[in-house]
């Protein structure tokens, strides 16, 4: 992505909270009209980044640009081109309807237009029946949806969403994600979306930014970030449950330092030998199997029917096979920098 | 489950909120020393049920029994045998450490013992480094974890947890769920856990209660509830993405009313004919395919490698096969009641 | 009677007397002689008399002869004795727009003030009345009546009712450049801070200000009559009378209170007229 | 005790008879105290918001001063205002001493600390993230203030009532700067003091009853507003 | 204006010289007002909590009465207390009129509505779910009260300061029920009134300065406590 595609740009940003620097970012370019997912462990600074982009948290250093112009030049104007749904559904003590209309009201939009927009988005998020309810009288998921409706109702250029689907029930969430993808593909706001859910990131994200400890550790296409982590810490975060030192990896592989990573669901098991089953656990429709290969412990995951087809138990031998494509190698620190 | 196994019993319970009855429960028996998962769509009354069990919301009718004795006889005593982590992490404005110690302090536990318990649980939930932080200075996930540590620290007989892992990052969540299962299997408190996550419900739950619109619609083993819904609404809630009227089901099946349900991931596709591909969508490592069989639209899901192996595109023909075991039939309303 | 607190004496008096500070000098002497502590409650004249009538005080020290006589007639007090006197003065702005300076006839002076006030002249000065039913206010009304006038704040623009104590009224008059009737003690105490007021009319025998002590009738219950009687005796004692006469004389160059223990008002007035 | 009954009866009688003076005094009281309270709100709420939300040098001292202001004796305020407005004072030329304006100023100074103090406390008790959300929704400075007022109306109405209460019940300053001039600056409290001094306890109580009924009526209205939107 | 400087200089001189009387008056003022405030807190905070958390018949009226109490003029309270404590009154036999006890009672009645009103407002502004969490943690009635006090210390300290301010700055009631007896019931405000009446404006201002300094000192301490734990 070149600079000209970037709708939002973060340059040399440092934010402190409680006197401690919790965010230190060299640069991020948020592509226009696309969905950028921000991922990272708890406390890594995702919400802080969103707060800074919304000009709600004040950085100690750095610049934020919207369309190439510094945001700080006109904070209110900038904020009015954006909208945010924060991690908690921060509703004001007024009716649901008024909450959703509020951003439009603050922008001086007329009553009728406000009303139409609110009705539309409350409907889309499945909470139209709650329009007259006081915002304090909502269940957790209902409040979350109202907060989302509020963020969408002003149809901003930029949307900042912090875990928008947490607390939303599974079928609705699936529906919303589908709708969401469709809505975004039509109106194409630039969206920054924080999520802990891999599916959500893969499904909705065009671009991913991975933060750890307040620093950008990897950016790129979401699938690439999830499948090709640049270092061990990222590998662990993206759910590579097998991260094995390259030298101990039981199968033939070009020699070198670093690590070999593979997800448990990409190790296939079959009747045969080479590995000993150590532990078997049922996880819903899947079976999580821990096997020992030449003294290295590996985690594998197979579907229940597959497992019954293999028909072995703890202590028995099985054959383990890793799809060559699924294996990802992290170069050793020195090799990488070299 | 017989009455004697029940640690908590709900009898003929009705709870109103904002003047409207939002919970109307005939009976629920919560088995001792097991994990009961409460599932249901947003606003169905899950949190309300937990609030009633915690004697924080006051029912307009009905009885709650703990070990067969009415809870209302000694509310404070009853509450001290339980602990709760509500949907929002409701921390008090004091340090994280004091928050976690507070339930013990209220029970008159000495300083040293409190400190030890708090240290232990903060450590287990990965937030020991935040012990001296003021509770307002936490990220969303951190607060969630502190709230969990607080619920565990008093080591109660009964634990009521409302979406405890929402907002916790994916790897930590996986770790906590594993830990959790292990902790629960050792100390065996009776646990009531609200969740929107199917994996969590299957992995942790021994018993499931499914609420819709404030009423119990189905109870049983979690896998059974997910795989054998009793009616169409429940089927949709548990993620049966194909719920087809029995008469329109394209394959041979005993005649009758009602519906045939199957999950998209349990419809397998292969090279062949019989169905036309209508839509293909990549969802992370999976491919979601919409096919048309004799005018009936079905959703299927296959892994990326499988899909490339089949090698077809929109408009092409494929063969669709439903595993007989995966198909669940919901009898028609009249047949069921008959 | 039972329930009487023998150790304390409640003395209800007027603010202007209390503000002079005289009682703060006398009370300790009485206390050390008798062992009875004196609670000096300083309130408006009306309130002091009312407290006597309700039996909420044991002894009264006020300066409103007419109202006091009514108490005697009602039997609310068992005795009323003159203790001392001083005089009232009409003070006003130094430029004296009504031209009353040096007049000895109060009635004539008041008429002149009223006439000039009502004339609408540019320099017309107002008259500030206490308007609080205090001894001074009652005196003022009596003087207006004698002058054949009955001004009121409703109808007369130049007549203001302040409705506060003497010092507040003097402050208002000072700020507004108005005439007012004041007791000499308060005027002297405040003179440093009210430079815009000077004495204009004084010396008329009708301007005398009589302070009397009254014992509240013992029949009202819980009245410490014994101490009340002792206090009356005490005030009339010659050494105390002398102290009263000397009070602040050095400071102001004249007596603030002229002792007249046990005399009658008419006798004192006669003597004054003779001077 | 029977004095109190006499007072209540007297209050009823005065109102029943449509006593011109008491009506006039009551209206004047209401006008002066309402004006003072309104000004105190206009100045005090934004000030409280700034003190609650911004960190700046000297803020702590300012907060303590505001709190001290709540304990500032009316007599002291009255004296200070009088010193300024007296002829000899810096604003003596305005000729405002012993006028309703002077009383409004004194009562404003008395109720301002209440309003600032309680605005401060109630705005500080709002979740700071909710305030962030207000900004994020695109509110400008005044819109945020408006939203804060909406959110804290519980606390702010308490502030309004305390401010109004401080203004209407105050007597020391009103006497000093108003002078309790009949027909000009006499209000219910100063009239009460006068009647008490006169020994007309019944009338004093009657005036007190009028004052309390007045305050009660204002409060019933404000309380209705305050409690209307409170939901468990 | 120069009067004020004279007053400040006089105040400094009196304190410097360790004037026994002013020290005595100051200590008495502090003792009486602190006692009244402490009692008001002990009674008022639980009352405020009950009004905030429980719904019962007549609650609205009670809330309005409390708010009206904030506008109750000290003169009315003083007169009512005096009517009760005077010899002719129902409790005259207790011989408590013109004693510090009578003053504590009057100041208590004055500051109680403040404390109740602000406890009510600040406890109502707590998230009701947080209160649910307190009960859920196993707190009994008193522990919940304790936790509520902890959570609302911002608002409650404002209430303390308003209550203390109302008590210490009040003069009408103190004069009426205390009598301003030298060495017994003379406090800073009543002494100020006396000195003003005597024309000793410097001394009156000096007393005012002492009062303000006193209130400021108390508030600096309370404000430090109040603001210490506030975090953005």
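Going in written order, the chains are labelled A, B, C, D and E, and every chain counts its residues from 1.
Just so we're on the same page, contacts are C-beta pairs under 8 Å (C-beta built on N, C-alpha and C of every residue); 3 or more make two chains touch, one makes a residue touch a chain.
Since this is a predicted model, take the numbers as computed values, not measurements.
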Starting at chain A, fewest touch steps before arriving at chain D: 1
Those chains which touch chain E and also touch chain C: D
Pair of chains joined by the greatest number of C-beta pairs in contact: D-E
Chain separated most widely from chain B, comparing mean CA positions: C
Centroid spacing, where centroids are CA-atom means, of chain A and chain E in whole angstrom: 55
Computed distance of Cα centres, chain E from chain D, in Å: 17
Inter-chain centre distance, chain B versus chain C - centres from mean C-alpha coordinates, in Å: 88
Intercentroid distance (Cα basis), chain D paired with chain C, Å: 36
Chain C: positions in contact with at least two other chains: 15, 165
Per-residue overlap in chain D, given as positions that touch at least 2 other chains: 128, 196, 201, 231
Shared-contact residues (touching 2 or more other chains) in chain B: 18, 88, 134, 136-137
Each pair of chains that touches, named by its two labels: A-B, A-D, B-E, C-D, C-E, D-E
Residues of chain B defined as touching chain E within the complex: 51, 54-57, 76, 79-80, 82-84, 86, 88, 90, 92-94, 102-103, 106-107, 134, 136-137, 150, 154
Sites on chain D touched by chain E in the complex: 1, 3-4, 55, 60, 63-65, 67-68, 70-76, 79-80, 83-84, 89-90, 114, 117-118, 120-122, 124-125, 128, 152, 154-155, 157-158, 161-162, 164-166, 168-172, 188-189, 192-193, 196, 201, 204-205, 208, 211-212, 215-216, 218-220, 222-224, 226-227, 230, 232
Chain C - residues contacting chain D, complex: 15, 43-51, 131-134, 153-154, 160-165, 168, 172, 175-176, 196
Of all residues in chain C, those that touch chain E in their complex: 3, 5, 10, 15, 18-21, 24, 39-42, 54-56, 165, 167, 186, 189-190, 192-193, 221-222
Complex interface listing, chain D residues touching chain C: 86-87, 97-98, 175-176, 179-184, 186, 190-191, 194, 196-201
